[in-house]
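Two complexes, one shared chain (subunit A), two partners (subunit B, subunit C).
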Partner chain A sequence: MADKVTLRRILRLFAISARMDMVYLLRDTKFALLGILGDLVNNLATVSGVFLIAARFGGIGEMNADEVLFMMAYSTLSVGVFTLFGSGNNIFISRIIGRGQLDHMFTQPLPLGVQLVTGGFAPFTGGGNLLVGTVLTVISVSRLRLAVTPLWLAALIAYQAATLAVTVARSYIVSSLAFYAPAEAEEISSVAINDTWVVGTFPLSGMPKALQIPLLTILPEGLMAWFPALCLLGRPPLGLTGLYPVLFALLLSLTAKRIFKRGLRNYVQKGSSRYLPYGFRR
Partner chain B sequence: MRKYIKTAHLAAREKTNGGVVWLLPEILIKAATLVPLLFLWRAVLTSGAGSAGMSVSQILSYTTVSALLSEPLTVQTKASGWLSEGVILKLYGRPLPVLGQLAAQTVGGWLPNLALFSLPTAAIAVSFGVNLIPASPLFPLSLLLCVSLGFAVDLLFSCLALKLRSIDWLISRLRQAVAAVLSGTVIPIRLLPFGVAEAVKLQPFASLGGAPLSVFIGSADTGEILVLQILWNLILWPAALLIWRKSREGMVSYGG
Partner chain C sequence: MSKRVPADISHTASVVSVRGVTKTFLQRRRGNRGILRNLIHPERKTITALDGLSFEVAPGEFVAYAGPNGAGKSTTMKLLAGMLLPNAGELSVLGLSPRKDRIAIMRRLGVLFGNRTELWWDHPVIQSFEWKKVVWDIPEREYQETLDTVTELLGVKDLLKTFARELSLGQRMRADLAMLLLHRPELILLDEPTLGLDVMAKRRMIGFLKKLNAESGTTIIVTSHDMDDLEEMARRILLISGGKAAFDGDFSALRGKLGCVKKAVVLFESGERREVPYQDTNRFLYELSGLSGIADVSFTQTSLEEGLANLYSQNEKNV
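After this line comes the complex of A and B, so read on.
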């Protein structure tokens, strides 16, 4: 019998995840700090590449160097939000499916969705990029002399939520393949998330529309930083509405829900073929 | 030699065991990264802001060859992952040197991507006017030195993994960071601003991917690049072998 899910219960589950994260940090501080540092260095190296090009050439396409810095700040913030809520393979869901670990979650007295939403919360070890992203945002906003109003901050939060939703939805769509081919698709979510991260840092300004449009629809890397950053700078590209990222995220999330549920039904009926009866992974 | 070729063949087969279709996501993302990157460079270099010291044609060749040879240019064996998964222990049970097997496995693992991504992409790139003929006949030598140095650097990272209790993902993240900025495979080192180019061009990572790419497009002094590559090979290989010999005693493997 599943527990009754209330807002209070969800907040308590977030608190449990946060406490476990803190225990990990305190138990193995040196390695936890190394992990945080590794995440930071990796992300900064990725975003600094594009920024260095912009700094060297005074901008990219129609964006000047400070605007590119703001875009990189947005990207770092989104990595921070992702790590904050996705530190337990709950977004790299193909790993959980592929390893047959959904079975473990079925035994818990909580709906699967609630476990997935709350299980990856890591405010202590996962907050590094969020902190650096905030600092970079403050620097770039002050260099650009942007007027930061409550409405602008609300828009920033909404765009970050949309970026996270697109990342999660896309991961869940491709990860649904792991319901049918657990061994082959175990790491497909990391291909969909990690391997596309670099493209998500590219400013698409100055590129032909024939390339911009696929990167805002089929492979929506333009929504990872470029499009929302330009919206926050007050000039949504391609004549589209500033609501486009939010609408796209909503549509993609509904599609992901449908595809994932279909795969889950198959998993519930057929189970995982990944483990041999005596425990080894195939 | 036949045993190493067979090992490489097995590694190539391993990647396609589940069917070639499972390589498609990786191939599509490689293509989806290369095309915008080419347009990004074109947008930057045709905007007229600042002098690159490199022509558009050169930078397009540089970026394309970097994508086509991405794996050989930034050698990454499975050693650090295999330490934690226990696979490395199998290599010790076979009648071949461990490092030789690791090299053969790695080179074999490159083959499916070279066949399925690099060859078709090269053909398409040439049809779009990207020049894929090396500016210097010494490019193959520079590439060979780059691969050799890449294995030495990988071995050093594996030793670091042993020291860090085989935290593979941490090592992987550090390596990606190094590849992104210091090796010149994404941005040619000479294009780095704020005097960074001068500061980093002599460090060992600059003799990896960026070195043969510069030789390929003829944007740097080939003799100087080759001397640096040979020098770093001579320094890092003995160091890597010595540290590996000392580190492997601390190897702890598990898996299942």
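After this line comes the complex of A and C, so read on.
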């Protein structure tokens, strides 16, 4: 039993999470499939509403209907990536903190970071949105006749990673409140993440700059789909560089790390008196 | 140039070393009066859970860690498991610092809190065991050997395919204990493992822990409010009260300290009933054998719990 966390060990951790996800799916397939279908319908309803408005009015702002469809595809894809890696409470981290369940994690012989990265991997129950997002992306890319080069694909992956990083960092920043007010802030991560998804699907093209700028900085909903989609279409808005989402994600992640670590130090000093025995586990 | 040594590391041959450990918590006081003032300047009270506590545990010991509610038992367990950090003092577990070497300690330490489960709630028990194998990186052969042994000894073979949420409390505790043992821990911390168990489940749990300690030499520290359970399991009792060690020794010495009296109730053929206190059992039996007309004899003694209740109330008054 080596202490080093090797790539092989990380892959095994992802594999056991995937296996447990499959067992979870198979134990009651009917209800699991209904759950997945519900998620898909919910997400499709959100994005199709925006797309139908774009189709009815010949676009939104400076984006035509196909570009809006591409943005919706990007959004569905990012929700898919999120549910693929964040189906436990590893990203809805305020639940774990608020319920005092970090104690379970302290007793595992793994760094907390490794537990958090690998613990929510759910390719079977969380892969539905990723699949739909991929299909929507293929459709919109073909309608827009975009040239899909390896560089473009690499940019898509980088932007998706940046979007995920912004979502996670934002969740960890607000979830750190649960270190200080565990009962009150137990569900704060779900509020932050769900709001991000809802507001993040609106195309900000045509909106006044006074609205666009705060939505790319203070409340970065614009980075959930709008800004990166326009970057992938070759025209980053507001005269900003296409690297902006990546740089913002990096900055926010470093801020989140600092704030979360500070909260963690508080947790190991004062402990938790709100232990709930099984919420940490699905 | 000297290297800075972390404050909570002490190098010792003991499995557990606690030296002058203090742990305090800030408790916010709430009331209806002065709500606004409380918002700006919240009233806080410092609770001292451990107050300069010191003790050592040698390899292979089975230690009962007892005390009244709020004495600091669970806090000590959490400190040893690296879930909490002390305000002052030195802590060492298996020669390592819980603050700096959490991961290395967790490979060799098993922790179980009676009020919580490490099993995955919505999965069959065997799935939790498989998960543990990967997370603890237990070699396949070692895992299979240990799994066979613990499932046999704890009688959990029939529970392996049952969902954790469908287990009774006794079954869940046995499954949790089996899971705890899969990585063959050298030191086990058990916080109230018999809490809520019925008589049969309790007997089984106690029997297993005694066997584990005797046969594999695993060091065990166990907390419980049930003194009979503790006396049956452990050879040494460490009693804390008010965050300090109130007693450290064996159970007979504790009885002596608490003034627990041994008594014989002698019933004579004439119908007379007499309560006779004694100190030396052999001598008393010898003297008793010289008497005639005895119909029945029963032996009793002041319970540890009675003695402890007196001790705790004295400590409360002193505090």
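Keep in mind that, in the parts below, the second predicted complex is superposed on the first by the 271 of 282 C-alpha atoms of A that agree within 3 Å, B and C clash if a C-alpha of one lies under 4 Å from a C-alpha of the other, contacts with A are read in each partner's own complex, and residues count from 1 in each chain.
Here is the rule we use: a residue touches a chain if its C-beta (ideal position, glycine included) is under 8 Å from a C-beta of that chain, and two chains touch if they have at least 3 such contacts.
Keep in mind that what you see is a predicted model, and the values were worked out from it rather than measured.
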If we overlay the two complexes on their shared chain A, which of subunit B and subunit C does A:107 touch? Say first, second, both or neither. second
Tell me the contact category for A:9 with respect to subunit B and subunit C: first, second, both or neither. second
After superposing on the shared chain, does subunit C or subunit B touch more subunit A residues? B
Considering only the touch criterion stated at the top, classify A:261 as touching first (subunit B), second (subunit C), both, or neither. neither
Have a look at where A:206 lands relative to subunit B and subunit C in the superposition and call it first, second, both or neither. first
Contact-wise, after the overlay, does A:270 reach subunit B, subunit C, both or neither (first, second, both, neither)? second
Where subunit B and subunit C land on the same part of subunit A: residues 281
Partner subunit B, residues of subunit A touching it in the complex: 31, 34-35, 38-39, 41-42, 44-46, 48-49, 52-53, 55-61, 174, 181, 183-185, 188, 191-192, 195-196, 198-199, 202-208, 211, 215, 219, 221, 279-281
Would you mind writing out the residues of subunit B in touch with subunit A in their complex? 18-19, 22, 25-26, 29, 32-33, 35-37, 39-40, 43-45, 47, 49-50, 52, 164-165, 167, 169-170, 173-174, 176-178, 180-181, 186-187, 191-194, 196, 256
Within the complex, subunit A is touched by subunit C residues 25-26, 75, 78, 81-85, 102-104, 106-107, 111, 115-118, 120-124, 127, 130-131, 134-139, 163, 165, 183
Spell out the part of subunit A that touches subunit C in their complex, as residue ranges. 1-3, 9, 12-13, 15-16, 19-20, 23-24, 27, 103-104, 106-111, 268-271, 275, 277-278, 281-282
